[in-house]
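The next part holds the structures, each set out as structure tokens.
Below are two complexes that have chain A in common, paired first with chain B and then with chain C.
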Partner chain A sequence: MSGDLTFDVIGAQGPRRFFQALTRDTIAHAYLFTGPGGTGKKTFARRLAQALLCRAPGAGTAGYDGTCDSCRLFSAGEDTRNPDFIEHTGVMKIGDPDKPLGFYEGDDLTSRDLVRNLSLQSYLGGMRVLLLGDVSFATPESANALLKILEEPPAGLVMLMTTSAPDRLLETIRSRAIDVRFPSLAPAEIREILIRRGFDEERAALGATLGGGSATRAMAALDEEEESLRSQVAAWFFSAAAGGDAPEQSWATRETLAEGLEIVKTLARDWVALGVAGEGVRLSAPDYGTQLRDLAPMESRAAVAMLASLDEAQRIARSNVPPSLVGEMVRMAITRVA
Partner chain B sequence: MSLYRTWRPKTFADLVGQDAVVRTLTSAIESGKLAHAYLFSGPRGSGKTSAAKILARCIECVNGPTATPDNTCENCVAILNGSSLDVLEIDAASYRGIDQIRDLRDGVKFAPSSMRMKVYIIDEAHMLTKEGANAFLKTLEEPPAHAVFILATTEPERLPVTILSRCQRYAFRRIAIPVMIERMREIASAENIGIDEEALAAIAYRADGGLRDALTMLEQASAFAGGGDVTAGTLDVAFGTTGRTFASALVDAIAARDAAGVLSTIESASDAGADMQVLIRSLIAAFRNLLVARIDPALLARDLAPEDARRAAERAKDVPAATIVRVLRLLVDAQSLARGGGHARLELESALLRFVLTQDDPSLDALAARIAALEAGGTPALPPRSHDVPPPPVADAPPEGAAPASAVAARENVAEERAEERKRESAPPAAGTLTLQKVRAAWQSIRGKVEGERASLAASLSRATVDALEDRSVVLRFPDKLNADMLRDHVALVERAVADVLGERLAVVLRVETVADTAEGAARPARRAKGAPPAAAFAAAPVRAAAPQDEDEEAENPDALFSYLNERISDR
Partner chain C sequence: MKVICSTKDIASAVGAASKVVNAHTTVPILSNVLLQAEDGKVSVRATDLELTLEQGFAAEVAEPGSVTVPAKLFSTYLANLAAGTMELSGTATRASVKCGKSNYDFHALPADEYPPLPAVARGSHFTINGKRLRDGIEATIFAASNEEARGAVLMGTLFEIDGTALTMVATDGYRLAKFQTTLEDGISGSERYIVPSRALSEAARNLSAGETIAVSALGPQSNQLQMTAGDAAITVRLVDGQYPNYQQVIPAKFDRSVKVNTSALIGCLRRAELVAGDRASMVKLAISGQTLVVTASSDVSGTAYEEIEVEQTGEDLTIAFNARYLVDILNHVKTPQTAIEFLGPLSPAAIRPAEPVEGGEQLYVLMPLRQ
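Showing the complex of A and B:
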């Protein structure tokens, strides 16, 4: 029977092995999935929830059969209807203390609702799973309200939380959950994910390189708008680095400044890396490899000055400074080297 | 049930790492001096809630009050399984409002149902609302004789002082790494979990001072190992790598100023799926430990397992403190950029390249060494201030190739001397040895003295630079006539301050810069401005660098110094 069980995730080998080694009895009550964005934390958590609730014999952490009552309630896609699976993505609020005890409906799940809800019994008689995706709390109150239930929860409850910024959670929350780190995805894994999402081979391969270990980032990089920004910034960068009359930095607008700076920095990093480590280095922007190699290698002090200016530009870009000014600063940083 | 719940300490003897708290509480109970309100504060997983539960049993135990409850009598058992009517554990984070506190207050006045006292354990007490806390004050100050309150919180500073002052406070400490390892070893052997020393240490680091974190990890790791032994490798697979090995390799590459090595280490860490944010954090911790080891290796005992502490102390010998501080600054900046949604790997690479390549630059090293020598009041002449003479450091730079090592060595020595020099300079120097350097070094104190007497002169003084020491007079240079005139009427005041600080009577001469100098002087206040003419930035540098007492951030910040030195060079 257990041969029919599946657990459909790509990557995350470590977490997969980790949970496979556990059973419904040894699984702890709270886990915090951490790791860079776009490494499959939420997807993994949903599959794990489905597996834990699956009623097929042998199911559990091993996988789910996809045909039992419980799995059918986990209808395809993100939209699940299983009453023993509570999912909430994003910010949690504390909730109105005077609101009558009710059932969770819609998007306004609050910490108080949760505490009430979780003290109830399971509908289908098995376990209950709570998933807080990208968990973050609107107020310290809403986080603190969960502390006690996170420490000593009712039996049969598994709480899964995912975040890419564990530093932003309360220490007391993190200490009550087991940290499971999700590694960055390997390029091959990203390629597979992209192909499943309907990208063709070639673009999937490009996305895999640009993604830097994150499927979300890869998909963003393949986004048409993003791609045109990238080529625009790159063209500008090479013209500035060639020492010619650098054109206007039209990419430096309020909306695109942060992304633009990151693209410039990636190219600058590759330029410096080629200078210090030679051909052996793996480029972050391999698609511009030829152009990068054509650039004159720079002296180390010039490299330091450029990187320092770019760091400074990023910092300034976060404050309320006209984007064109930041763009100008970046232009100076690059042309000065050239 | 979780390991940390099964192994919640049941007696004070089991409560590890909190000796001071345990000793005080024990002797208080034994001498019968129970307070009516306690506040346990400390970081997560340090034993606050456990101590509160133990204390409750100490009070209620049939053989009590005793510091060693038997945990078998009916009272202890009732408390242990949470069925006692007289020991109430309240989650103040969920029941934090005034109405809930009113209910509590109303219940307090009734006598205990079966036990000696009524004990209220109020956990997460910092989350009480302002109104709730205030409604609690009267009860907390003068409760009925049968009531004891134990408040536990991770953030005592968020409680109103009126609550704090009504409680006996006990501060729980982070659990030191060796203590944590010892406790885990004890529990592991009782639970038949096979685990090696390296893995124990690795768990203790990951737990970051919280014993609860450590025990949950221990439990999961053993479940993961499925009856086999837990090793450090198991942990990396189970919880994802912390990049400790990569961090250690990176520290080596950084210390060796190996740019290619830095890039390739980061690359392999990334290939191994290490989280770059975590790697940055590990690096910061590693350099922090090196810094601590340089100051006093004994201080590492709490934070590192003995073997690692020894290794850190060993390595710290080769890395000068100034280097560590510079890396730390760059890493912290990278962390903040990465946290704000940036690309963590890119930020890490950029920060480390900045560091490694700066060190690699012979002329910069030479410059830094010269400046350090100047700070120490050594012999090298000051770079000329006028534009037509090129700054000597570059000209004097040692030949390429041999340069980095010797220059760095020079800088280290000088850096050590600097501290000595500071001590010496705090006493007035003997007459006859007065040099321009000394005057510049003392300029901040002189300014301070004058400003202390006449605050209105502060602005003018800030524009002044100590230009020369000629014939027993100090020449102050001003970029403009206005500020010089402002000070003109108070020269006597300045002279008095000079005499006070230096112990010598010197005349003070005010001089306004000539036209040729103006550009330089006028740009001086624009300290941080990257776009400012670098010559001006450079001209400003020696003066500030020569004043060790200068509280100015720039003088403290080698980075800033480097960045304008840098610009100076790259523009030339």
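Showing the complex of A and C:
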């Protein structure tokens, strides 16, 4: 039967192997998933929760079948959830001691709500999983309220916490959970995640380069891309490289000059690299590959001169020279070779 | 799903089940009620994941099936319908009502995304007379703790079942209430459940006392307890934990006792408590020569002195109690006379009706205060 089980995560091979080696009986009661943001810690935790609560024979840390009563509540979306899976993201508050009794899951789940919920038996009769994503506590009291659960966990409870800043957690919490490290994602993994989220191949490939190992950052970068400085600078760059008539230097302002120059340098280096090494060279800005290839290849001496001028422009940019002047200097360096 | 039913029946069932719906839930489907139609019956269910209420009613089921609709919207709509019949049909995304010349479509969520209840656990099903269960609930849950800091176990009421004997116990560490009765159909062997007291007061309110109540444990670890009477059912998640050994606090034997008029003693204590002020409402009971003297004093309010005639057995004694706790207990003694037994001034006292009460045996234990 276990052949029908899946565990749908991209990347996280290490954590995957770590949990596969465990069973529902040998799994500990608390884990702290650490690693850079956007590396799939919460996604992994949700899949692990689904697997631990799956009712298919053989299911467990190995995976879930995706069709049982429990799995259906996981896959149904935002409107419902498995009663034995509690998820909260962000800051935990202690909760109001004067709040009327009764099970209350308000807009903001508090430590007190959790303690109360976990004092009851599981709803469906099996394990229970608590996911505290980007875990942080408003006050030491709100953290301490959960200490009892960490010290004497109810049978069948697995508590998963994720954070990209483990040092900010109280030592009392950290020391009671097992650390599981999530590495940065490889570009190919980010690409796959983006494609699954509905991005087309080209955008996914771009996101993979911009993400820097984080799927969250990749998506944020893609969202902003349209409006971004990068696209403005690129448009200006190609217009200048085509020897066009002095395009407007909208990017050369006091705030954006330094970043804009970095982008110009990236594109210029790609241009040089294409000229020197030809096709097959690995570009730093692959999304502009077509436009870069359309530019006339340059002589190596001209290339060195252009890159030197760009370095000089960067140096001047740190001084009190007006940004527009620096922009003009860069434009001249580019049009000279073109 | 397609049913034809009376507007009155469906309105009262949806209204009854909706009570448990939490307006602030973050899970949208939990603000809905689930309607399931089958075999000439529609059952309406709502839950806050701790307490689940179900209410059924008879209807003409043209097509079995289920639908979930927003509880507040739907119950308010139904409450405003004139008496008559209506036709309700439901799909995964829509619930449609035809009533006279009006047509309403409500947005629904898929019924199979509604949290299911676990299956009945084997061998833990019993039945009890409705009045006995209600008497037991009334006699015990007031003594349960209402301080969350003391833990969920003490906030619950223990159900201890051994064959056909049911013992209900609630305590907050200062006082203890125990009610013993017999079941109609018992279980083989014994079981212990800790039931959240909130669910029991809900049960006492909703399940009619005239009927037999069927009780079943649900889930592989007896995760939930379901109480069913006729068309109504209440299901509650049980408390996870060990109930303290309550037998330990009940003294095995006593060496003196009094029989006292219940309402007279309540009156004395209520008046004396006014004077006792903030000193833990402390009143002193001095028993001597067939007389009980109740005294209290405080620097702020003054002093109190009351005398009642009692039937005394054993030696004289002076003992102090929290007046409020003692009044709480005496308020649950339904007989004209109350028997109080003692074992010295520092041991817990036992309080019970002086005459046997039909249906169940009550016992209360109260810790004395240091004088």
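Simple rule for what comes next: the second predicted complex is superposed on the first by the 215 of 338 C-alpha atoms of A that agree within 3 Å, B and C clash if a C-alpha of one lies under 4 Å from a C-alpha of the other, contacts with A are read in each partner's own complex, and residues count from 1 in each chain.
Everything below uses one rule, namely that a residue touches a chain if its C-beta (ideal position, glycine included) is under 8 Å from a C-beta of that chain, and two chains touch if they have at least 3 such contacts.
Worth saying up front: this structure is predicted, and the values here are computed from it rather than measured.
Asks: Check the residue A:112 against both partner chains and state whether it touches chain B (first), chain C (second), both, or neither.
Replies: In the superposed model, A:112 contacts both chain B and chain C.
Asks: In the superposed arrangement, does A:315 touch chain B (first), chain C (second), both or neither?
Replies: In the superposition, A:315 contacts chain B only.
Asks: Pick one for A:280: touches chain B only (first), chain C only (second), both, or neither.
Replies: A:280: touches chain B, not chain C.
Asks: Once the shared chain is lined up, is A:69 touching chain B (first), chain C (second), both, or neither of them?
Replies: The second partner, chain C, only.
Asks: After superposition on the shared chain, which partner residues are touched by A:83: those of chain B (first), chain C (second), both, or neither?
Replies: second
Asks: Quick check for you: in the superposed arrangement, does A:42 touch first (chain B), second (chain C), both or neither?
Replies: neither
Asks: Could you let me know whether more residues of chain A are touched by chain B or by chain C?
Replies: Of chain B and chain C, more residues of chain A lie in contact with B.
Asks: After lining up the shared chain so the two structures overlap, which partner does A:120 touch, if you call chain B first and chain C second: first, second, both or neither?
Replies: It touches chain C, and chain B stays clear.
Asks: Shared contact residues on chain A, chain B side and chain C side combined as an intersection?
Replies: Shared contact residues on chain A (touching chain B in one complex, chain C in the other): 97, 112, 115.
Asks: Enumerate the contact residues on chain A facing chain C in the complex.
Replies: Touching chain C from chain A are residues 69, 72-73, 76, 78-83, 97, 101-107, 109, 112, 115-126, 154-155.
Asks: Show which residues of chain A lie in contact with chain B when the two form their complex.
Replies: The contact residues of chain A facing chain B are 14-15, 17-18, 21-22, 26, 28-29, 34-36, 97, 112, 115, 140-141, 144-148, 152, 165, 167, 171-172, 174-184, 186, 212-213, 258, 262, 265-266, 268-269, 272-273, 276-278, 280-282, 284, 299-305, 307-312, 314-315, 318, 329, 332, 336-337.
Asks: Which positions of chain B touch chain A when the two form their complex?
Replies: Against chain A, the touching part of chain B is residues 2, 5, 43-45, 91, 93-94, 96-97, 123-124, 126-127, 154, 206, 210, 212-213, 216-217, 219-220, 223-226, 237-242, 259-260, 263-264, 267, 270-278, 333, 337, 339-346, 349-351, 353-354, 356-358, 360-361, 363-364, 530-531, 562-563, 566-567, 569-571.
Asks: Provide the residue numbers of chain C that touch chain A in the complex, in ascending order.
Replies: Those residues of chain C that touch chain A are 22, 24-29, 48-51, 109-110, 112-116, 118, 146, 148, 151-153, 155, 196, 198, 218-224, 237-241.
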